[in-house]
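What follows is a single structure, and I will ask about it in a moment.
Chains: A, B and C, in written order; residue numbering restarts at 1 for each.
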Amino acid sequence: MSWIDAILQGTLLGGQYALYAAGLSLIFGVMRLVNIAHGDLIILGAYIALVCVEMLGLHPLLSMIIVCPTMFAIGYWMQKLVLNKTLGNDILPPLLVTFGLSIILQNVLMEVFSADSQRLQSGVLDTASLQLTDELTIGWLPLICFVTAVIVIASLQFLFYRTTMGMVFRATSDKAEIVQLMGVKKDRVFALAMGIALAVVGIASVFMAMRTNFDPSVGPGRLLYAFEAVIIGGLGNIWGTLLGGIIIGVSQAIGAQINPGWQQLAGHLAFLLILIFRPNGLFPRTKD
Amino acid sequence: MSNHVLNQPILYTQKLTAFYGDFQALFGIEFHLNIGETVAIIGSNGAGKTTFLRSITGLLCNEPSSVKFSGQPIGASSPDEIVKLGIAMVPEGRQLFPSLSVEENLRMGSLSGRSGQWDLRNIYELFPVLKERRHHGSMDLSGGQQQMVAIGRALMANPSILLCDEISLGLAPIIIKDIYRALPAICSEGVTVVVVEQDIRQAMAVSDRVYCFQEGRISLEGRPDELTTEAITHAYFGLEDAVS
Amino acid sequence: MTSKIPESLPFSIVRSTFASKVAFLGFIVVFIAAVTLPWWGGRADMRLVVEFCYYLALAQLWNLLAGYGGLVSIGQQAFIGLGGYAFFMMAAFFDVPPLLAIFLSGVVTMLFAIPTAFLVFRLSGAYFAIGTWVVAEVYRLSFAQVSTLGGGSGMSLPISVVKSISASKLEREILIYFLALLLAMGVVTALYVLLRSSWGLALTAIRDSEAAAESLGVKKQMTKYAVYLFAAFGTGLCGAIIFLNKLRISPDSAFSVSDWTANIIFIVVIGGIGTLEGPIIGTLVFFILRGVLADFGAWYMIFLGIVAVVVMLKAPQGVWGLVAKRYGIQLFPVGRKLM
C-alpha cells in the first residue's frame, strides 16, 4: 500500500512541478529563450507572497491576487528592458545574461531576507486531508495544487490555440521578423509572453511556499525540476509538461520510499534515463 | 495596369543606401511611386531588389529622410509603424506562419488595425480556393495557394501601397498567370502596387513603369512601351564591360 | 612566424605582432616574479597567487568549451568535485603518492566525463547548459550518500597523508604554490599550442558555422568530445589541487555552482569570451573587485553579476575585446593576419 501511496503523493507533487515548468515551456515556445533565472524567480515570488501575508494578513492562497500581477509586471519589464536585447542568433547572450540574473537575484534575496528558511502557514490547509481508503489519504493542499496545475495548463492551451493573443504568440514563434510586417511589435509580444509566464510562476511560488521550506539558495533546484519536466514532456508541448512533472514527482516519491536521501537523486536519474532512450522527450512538438 | 494614375508621388527615396555589415548593397537609390500606378522592379539575383523592399518596410533601418511616404520621413521607422501607415509587403518566399491555419494567417494581416475594403470576405472572393481550405494548416497548401495566402495577408492590412517580392518564384507558369490575374482587381481598389520580378516579360506586361536594378544601383527607368530590348538587356545584365 | 607560401603572392600570412612580442617580454618578467615569489613574498601573497592560478586555469578551460567549442557548460563543478574526491580517495584509502594522485585525479575525472558527455551531448545549446548542471547535481547528491566519504558533511584529508606530503606547513604551501603555478601555465600553454594547431582551426570553424565546417570534412562530434574530455581532465586536476589546498572536502563545497561555475563564467564574460587573453584580464578584474568589495558580503556577487550582465549586453566581446578592437592588438597570436 505504501507504494500506491508514494505514487499518489508523487503524482500530486508532479502538479507542482508542472506549475514550475509551464512558464518555462511558454517562454521557450514563443521566443526560444531558456531562462536560467526561472527557479530564482519562483523563489522571488515566494518572498513576495511572504511579504503580502505578513504585512496584509492575507491567507497565502489569497496572496496570489497580489503576487501574480506583480510577477507579471516584473516579467514584462525584465523582458522589455533586458532580455529582448539578448535575443538573436547567438545562444551565449540569453544564456549568460539569465545566468547572471539568477546569481544577482539569489544574492539580493539573501541580503534582504537573510539565508533563514521560511514557510507560509496556511492554517487548517496545512494538515487537512481527504480519506480515500483506510490507508490512503491525500492532503487538501496538494490536491488543490494539482487541480490548479491542470486548470492553468488547460488555460494556457486555450490561450495558445483559441485566442488572438495566442495566434500572435504562435506566429511570433514561427517567424518573429515577419510578425512585424503585420503591424505587431515583436518586443511587446515577447514582454507579454514573459509577463504571462511569470504570472504562472507566481501561482507556483505560492504553492511552493505553502508546502515546503524555502530560502534564497533553492531556486536552481526548482529550475532543474522545471527543465526536466519540459524536456520529458517534449519541447513545445504544454500538456507534456504536466506528464513530465508527474514523472519527476513520482520518481522522487518512489526514491524517497526506498531511502529518504534518494528523493532528489531519483528524480534526476529518471530524467537522465528518459534522455538516453527518448532524447526528444515523450511527446515532442517542435523540431528544435 | 490602372487608368487612374496621378502624377503625384506617394512614396519616394532619396540617396537611399543599405549595408549588411561592411558590405554595401544599395548605392543612392532615387525611386518614386505615383498614386495608383503599378511599378515593376526587375534585376538579376543580388541586384538589391529585396534589400530595397526591406529598406522601405523598415526591416532595414536607414536615415529618416531617405524614404518619404506622403511627405513623411519613414526611413528610420520600425516595420510595425510602417505597415500601420499603409505599406504592406508580400515577402519573398511567402513566409507564411506554418503553425497557423490559412484563416489565421489572413487574420494576422489585419492586426495593423487599418480599416478599409479588404476583409476575409473580399479575400475569399478574390481567391475562392482559400475559402474552401481556410481551416487547413498553411503548409498543407500548394505553392500557388500559399502565395495567394501571402497576398491576401498583406491585403488584409488595407495598404495604400502593396509591395510584392518575387511572387512568381518557384511557381508553374499557369499558376503564375492565376496569381497575376488578381492584380487588376487589387489595383482597381486604389492600391498602388510594386512588383519585384525576375521574369522581365511578366513585369512588362503588368506595369505602368519599370525600374531595373543592377549591383545596387538603378540602371534603367521608363515606361514598358518606351524601352527597347537592347536597353533592358544591357541594364539587366550590365554587358557594357563584356562588349567593350 | 611567417608561414610558407608561394613567393608570387602579394601578401604574407603572419601571426606574431609587435604587441605579442612586447607581451612575450612581459610574460617573462611575470614568470620570473612568480617563480621567485616564495623567496621574496609573504604567505598571504602565495595563497592569493594559488587562488589566482586555479581560477585562471578553470576560466581558460571553461572558455575553451564555451568560447571556442560552443559548449556552454553550467556543470563544471562536477569535474572540480570529481577531481577533489578522486584525490582524497586515492590519497586517503589507497596510499597513492600525493603527486601521482593529483595527476590520476585528472585522468579519473576524464573517465567520468565520457558517460557524462554521452548524456549531455544529446542536448544542444541552452539545454546542454542545464543538462550539465543536472549531471553535476547527480554527482553531488550521490557523493552525499556515500558514508565512507563522510556523506553530506564530507571528510578531511587524514593527517598522515598531509604529513607525507611535507613535514612543515610552509613547505607544503610552497609545493602547492608551484603546483598551482604549473597548472595555470600548463593550461595556458596547452591551449595556446592547441589553438594554433590545425585542430584549433577546426574548433573555431565549428563554432563559427557547424554546417560549413562539417562540409569541409571537420569531424564535429569527435572534436566536441575531445574538447569536452580535455576540459574535464584539466578541471579535475584543478579540483585535486584546490582540495589539497583546502584539506577538507564536502559535496556542497565541491559541487557548488555558485562557488565555482558562477565565478568562472563571470570571469570569462567580463574578460572577453573566445580569446586567450580574456580570462587573464577577467581573473585580474575578479580579484581586484573582490579585494575592493571584501567588506560588503553578498553585494560583491551582486555587483559582479551586474557587471557581467552589462558587459554581455553592451560589449559582448568583454574588456579584452574592447582593448583589442581599439588598438588592434593580440597578445597570444593564435589568429592569422594577412599583411
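Throughout what follows, a residue touches a chain if its C-beta (ideal position, glycine included) is under 8 Å from a C-beta of that chain, and two chains touch if they have at least 3 such contacts.
Quantities reported herein were computed from a predicted structural model and do not represent experimental measurements.
Engineer: Farthest chain from chain A, comparing Cα centres?
Structural biologist: B
Engineer: When contacts are scored as defined above, which chain pair ends up with more C-beta pairs, A-C or A-B?
Structural biologist: By number of C-beta pairs in contact, A-C is the larger.
Engineer: Taking each chain's centre as its mean C-alpha position, how far apart are chain B and chain C in Å?
Structural biologist: About 53 Å separates the centre of chain B from that of chain C.
Engineer: Just curious, how far off is chain C from chain A if you go by their C-alpha centres, in Å?
Structural biologist: 33
Engineer: Starting from the mean Cα coordinates of chain A and chain B, work out the distance between those two points in Å.
Structural biologist: Spacing between the chain centres: roughly 44 Å.
Engineer: For chain A, which residues are in contact with chain B within the complex?
Structural biologist: 164, 167-168, 170-171, 173-175, 177-185
Engineer: Could you pull out which chain C residues touch chain A in their complex?
Structural biologist: 66, 72, 74, 119, 122-123, 125-127, 129-131, 133-135, 137-138, 141-142, 144-145, 257-258, 262, 265-266, 269, 273, 297-299, 301-302, 304-306, 308-309, 312-313, 316
Engineer: Per the contact definition, I'd like the list of chain B residues that touch chain A in the complex.
Structural biologist: Contact set of chain B toward chain A: 57-59, 78-80, 83-84, 88-89, 91, 95, 97-100, 104, 107-109, 111-114, 153, 157.
Engineer: For the complex, give me every residue of chain A touching chain C.
Structural biologist: Interface residues on chain A, with respect to chain C: 34, 36, 82, 85-86, 90-97, 99-101, 103-104, 106-108, 110-111, 217, 220-221, 223-224, 227-228, 231, 259, 261-262, 264-265, 268-269, 271-272, 275-276, 279.
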